[in-house]
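Note that the chains take the letters A, B, C and D in the order they are written out, and that residue 1 is the start of every chain.
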Amino acid sequence: MIKIAIIGASGYSGAELLKILLNHPHVEIKNLYGLSTVGVKISEVHKSLRGMIDLTIESFDENNLNEIDLVFVALPSGESMKVIPKIFEKGIKIIDLGGDFRLNDLNEFTKYYKHEHSALDFLKNAVYGLSEWSENEIQSAQLIANPGCYPTSVQLALLPLLKNKIVNENFISITSYSGTSGAGKSATQSMIFSEVNESVRAYKISSHQHIPEIKQYLKHFANSEPNFSFVPHLLPVTRGIYTTISATVKKEVDENLINQIFEKEYSKKPFIRLLKNEIPELKDVVYTNFCDISWNVDENKNLVLISTIDNLIKGAAGQAVQNMNIMFGLDQTLGLLKCTEKKW
Amino acid sequence: MIKIAIIGASGYSGAELLKILLNHPHVEIKNLYGLSTVGVKISEVHKSLRGMIDLTIESFDENNLNEIDLVFVALPSGESMKVIPKIFEKGIKIIDLGGDFRLNDLNEFTKYYKHEHSALDFLKNAVYGLSEWSENEIQSAQLIANPGCYPTSVQLALLPLLKNKIVNENFISITSYSGTSGAGKSATQSMIFSEVNESVRAYKISSHQHIPEIKQYLKHFANSEPNFSFVPHLLPVTRGIYTTISATVKKEVDENLINQIFEKEYSKKPFIRLLKNEIPELKDVVYTNFCDISWNVDENKNLVLISTIDNLIKGAAGQAVQNMNIMFGLDQTLGLLKCTEKKW
Amino acid sequence: MIKIAIIGASGYSGAELLKILLNHPHVEIKNLYGLSTVGVKISEVHKSLRGMIDLTIESFDENNLNEIDLVFVALPSGESMKVIPKIFEKGIKIIDLGGDFRLNDLNEFTKYYKHEHSALDFLKNAVYGLSEWSENEIQSAQLIANPGCYPTSVQLALLPLLKNKIVNENFISITSYSGTSGAGKSATQSMIFSEVNESVRAYKISSHQHIPEIKQYLKHFANSEPNFSFVPHLLPVTRGIYTTISATVKKEVDENLINQIFEKEYSKKPFIRLLKNEIPELKDVVYTNFCDISWNVDENKNLVLISTIDNLIKGAAGQAVQNMNIMFGLDQTLGLLKCTEKKW
Amino acid sequence: MIKIAIIGASGYSGAELLKILLNHPHVEIKNLYGLSTVGVKISEVHKSLRGMIDLTIESFDENNLNEIDLVFVALPSGESMKVIPKIFEKGIKIIDLGGDFRLNDLNEFTKYYKHEHSALDFLKNAVYGLSEWSENEIQSAQLIANPGCYPTSVQLALLPLLKNKIVNENFISITSYSGTSGAGKSATQSMIFSEVNESVRAYKISSHQHIPEIKQYLKHFANSEPNFSFVPHLLPVTRGIYTTISATVKKEVDENLINQIFEKEYSKKPFIRLLKNEIPELKDVVYTNFCDISWNVDENKNLVLISTIDNLIKGAAGQAVQNMNIMFGLDQTLGLLKCTEKKW
């Protein structure tokens, strides 16, 4: 059994992580650590967990991690950089669900996260855990920077095509729509039901912190530096991300070629579902670790790529457990889904 | 491994049943049978199942069940009475998620289900599978009539109090609110999104087919025949039932006594969560097999009982799997949830 | 033209009041007063009003009301009792949308509103503005206490039957479901979209401040003091109240008698729609000042009464304008709806 | 008073049209004509209209239009082309809310609408009623082809920029999100609440019938023929369209220039609200005839244009009434909104 501690389990990603881990056959959850909720039972924080788990949230002390094999960190930006170096020094494996260790350009970090970075030295230790694209590095990593929700959705669709140089890189339009759980549990007037329901709104146009993350890893994985526009929107649903990407492809490209590229890249990846001649629906991926992808090329060589995930699962806790499975040499689907053979 | 066949897997309960069984450690799904969808892959009917299961729906023939240990039947009323006798004669265990074998009064059946019953002889073979109230009978049953969603929610809250004779039986008001998945997948104008969203409506006042079911089993389990009013409503959510029951209690009754009654009845039941001094929220039970129950007695001895479940899980597929576990001598929570000890 | 000032226009009722008054042919909105938003344009507070109204919120001073014929007050409980006496002394007409002047029993006020009352002397000056039941008093009133949303919905359905003594008063069950706009615009964690969406919850069981209001006015208008239970619930919709009332009726009562009672009471009331042999749907009343009412009596003399309104219109701003029309001798539907003759 | 007949009032646009016209001070609704609902009261078709209008739907006969000044036609594609020529010949004014008279290229019509056109000769008589862009032609028109919902939203945002040649026309990405009322009232499985709620899906990628309409009128009004991709999506809300347009602008273009262009074009248009330095929210335009528009240019000269309307009002019935007002020489806001002076 892998012995687990979680720091910061009181948010929505934390709740999802607990639910997944409780059903994982090789995991034992030993300790929960928190900041504002020390002394409270986790089942009081997440009432849906009553009857499933009985642990009380403790104050974090890195000296109490002797038994622990892996620590999941789900803290706000700025907080995880304070605790992770201390855990790392003890030789314990770590998966960070936050954004502190994803960017290697500190100017970008400061510009988009609006605060300084206090653990520069540790950046080099982090492996970016986009499971389908860094499996080898994840296997031997001690510290995983788990990808953001939007970047997961965007990159899984774009990387194969950029890597194969079939998209015109002068302009790619990315519009993403996210459910409200991505905004967390804080009480802000703009997030109350009456303000969100029966509405839609774009936000953080050209200033979202996932823009530099997408930029860095398109380059890292596909050696591509396209000019792109990223517009996140808030949807009146609790869970899920729906990303629509529009671009033009090179003259000789047709849907068949794209089929081949996606099949080559993803045919052995259990959580990628390729929807040839179909269009994904958000409802088919929520509460799963799947990413559904479709593509369409019109007569003018305009490409429409669609990618959809559950922001809390493939976009956070599910991918984190997928990464844990890889780190510990387990079947990567363990605890996430019983997959039968895929034949599309 | 328990070898399973499912007849009628193309509805919402069927999809839920498949998802639960795919994650059950002791189950192997061998065959799926259907009526209108023969020859179609189940993952085309329920696109959320792509990559999880690859079976094709077959035409039902009871002579092909040789390998099968248990058949789940999820057919519309009137259909399951046609196939179940044939399966029963082969000595195979059956769990029927429909209403055909729940009522023992044929007048009531005809009045509320609006058609005749063609398998009268088999009624006596069926055990009503309200798991928390018929565990012993379920263990030795060959045919389980799995309870309806509303009756599950209503009875789990009312039975302990009626059994203990603390409620005035001259009048009990039951109002239940259900998500739309309870109405199935048929295309009817009154169920399109634009007609249901941002709305609420009561329906089938004093004519819902769950009324005689509630009546029969309140008598069966609690020896009680109260006068009650049952008003079902349609909620603009996909899943879940929220039941609010109002009545008066006898003069000497207070909340403490009700605490004791519920604790005595349910303290060892893993899927009942008693919310002392709290009020259930629908969101805490959806996607689980839990039933959350609360109670409140005011200064005038007016009682408010609240009970909430996921209509597709505890109200259908989950309770069916719980019953399967009991029938096969397994831990009843297997495949449903990893429960730690309960201490409220 | 009736010259209007509004104090406290930054809430949801305030926005609705502005929209109605902007379309009222005999009204001119002269001043908007506020507490926390002084100096801000109302169209910045309610962005939906951009292009419709250009007023800036001012600090309230009762000495600047010389031109004003009527002041609407939409302040939190405790605030309106501070300003209303000052306005009243100037002889100006007032409609208070809050709860400060609805109760005549100060013990009840303190118990349910959780603070003291500072304007006891003014209670006697207030007329409760349930338009259909106090038209004469409203005509000559200077100060109207506009009814609460739940009490409007409950009383409009119950009063005719209680007045005619056909309901057994030993126990009446009232369950009401409200949209989230009833909870106002404050940022609280329990009201964020992720906590409310796809959920339902009861709240304030036997402690809601509308309980004494219902009690007082059932007595006032119908001379009836039934024992009732009132359970409010929060619905995942923005607007509207759906109330289901269950009780038993006297042996000789049938649906025909109830038809007659309702028709006698309401046939000339333009905003009451009687749904004989139908069931109301919330969507048919939102964005209107209508109250739709239905009734059903089963073979055991159990009565189900349903009543539904828009909480912000008939439950607040719409009824306030209806009362204004009555106070100023106008057609009570003016600005609210062009009603043709009613023939059900 | 303008005497009105409506053909096809049983859909969602018809209901909206009735609500607007009932509140219009210069209009009298004389007759309602229908196909499948002849003999039924309109208040039975749209129950929200009970108590507001009492007309019965009649069978259409063009010889009974003697009194009528204007006919609104809200029929499915293929149906309006059958009746409109007959009305036109009688010299009566017509506003067609459908798509039959919007396209002048019959190949495009047949390709996208999937059926033949039977009234070719009448195409030349129709004026495309995008109110803000064809006011003069509308004033003297007898037959108005009222624009589609998506094209209204898209064109109102794009036309000023295309007309001023500041956008690179090699590729424009248009993603639009629509509420479900745009899909009408038909019962189809894919539109039931359980399939739409908590989901999003793109549809008709590169095959939506609004693509040729957008193409034709971008050329007509802005003399521009850009290469664009249009991806419509279905949102889990009842009403509204939210359009996000991404493109690149020419090197010298900045937000200030775009401010000037929009102000020049729209400063006198009462239903266009320009949101400088803000982002539109769908909730602020639903139930209004407004179109809210914003723009953003990033450091790489990527442009994000957002445009949002109510699909049933500015995208259908509201713009139709706006066009009626223009045709009859009335203030174009009459019956739609009391607008005060606009100063952004």
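Simple rule for what comes next: a residue touches a chain if its C-beta (ideal position, glycine included) is under 8 Å from a C-beta of that chain, and two chains touch if they have at least 3 such contacts.
Composition by chain, UniProt nomenclature: A, B, C, D = N-acetyl-gamma-glutamyl-phosphate reductase.
All figures in this text were calculated on a predicted structure; none of them were measured in a lab.
Centroid analysis (C-alpha atoms only) places A farthest from subunit C.
For the pairs C-D and A-D, the larger set of C-beta contacts lies at A-D. Centre-to-centre spacing of subunit A and subunit C amounts to 47 Å, using the average Cα coordinate of each chain. A straight line joining the Cα centres of subunit C and subunit D is 36 Å long.
Here the spacing of subunit A and subunit D, counted between their Cα centres, is 39 Å. For subunit B, the set of residues that touch two or more other chains comprises 195, 197-198, 236-238, 281, 283.
Taken chain by chain, the contacts link every pair, so each chain touches all the others.
Residues 170-171, 173, 175, 177, 195, 197-203, 205-206, 227-229, 231, 233, 235-240, 242, 244, 246-248, 279-283, 286, 296, 298-300, 302-304, 306, 308 of subunit C are the ones touching subunit B in the complex. Contact residues on subunit B toward subunit A in their complex (touch as defined above): 22-23, 47-48, 50-54, 198, 270-271, 273, 278, 281, 283-285, 287-288, 290, 292, 337-344. Remark: subunit A residues 12, 179-181, 183, 185-189, 191-198, 236-238 touch subunit C in the complex.
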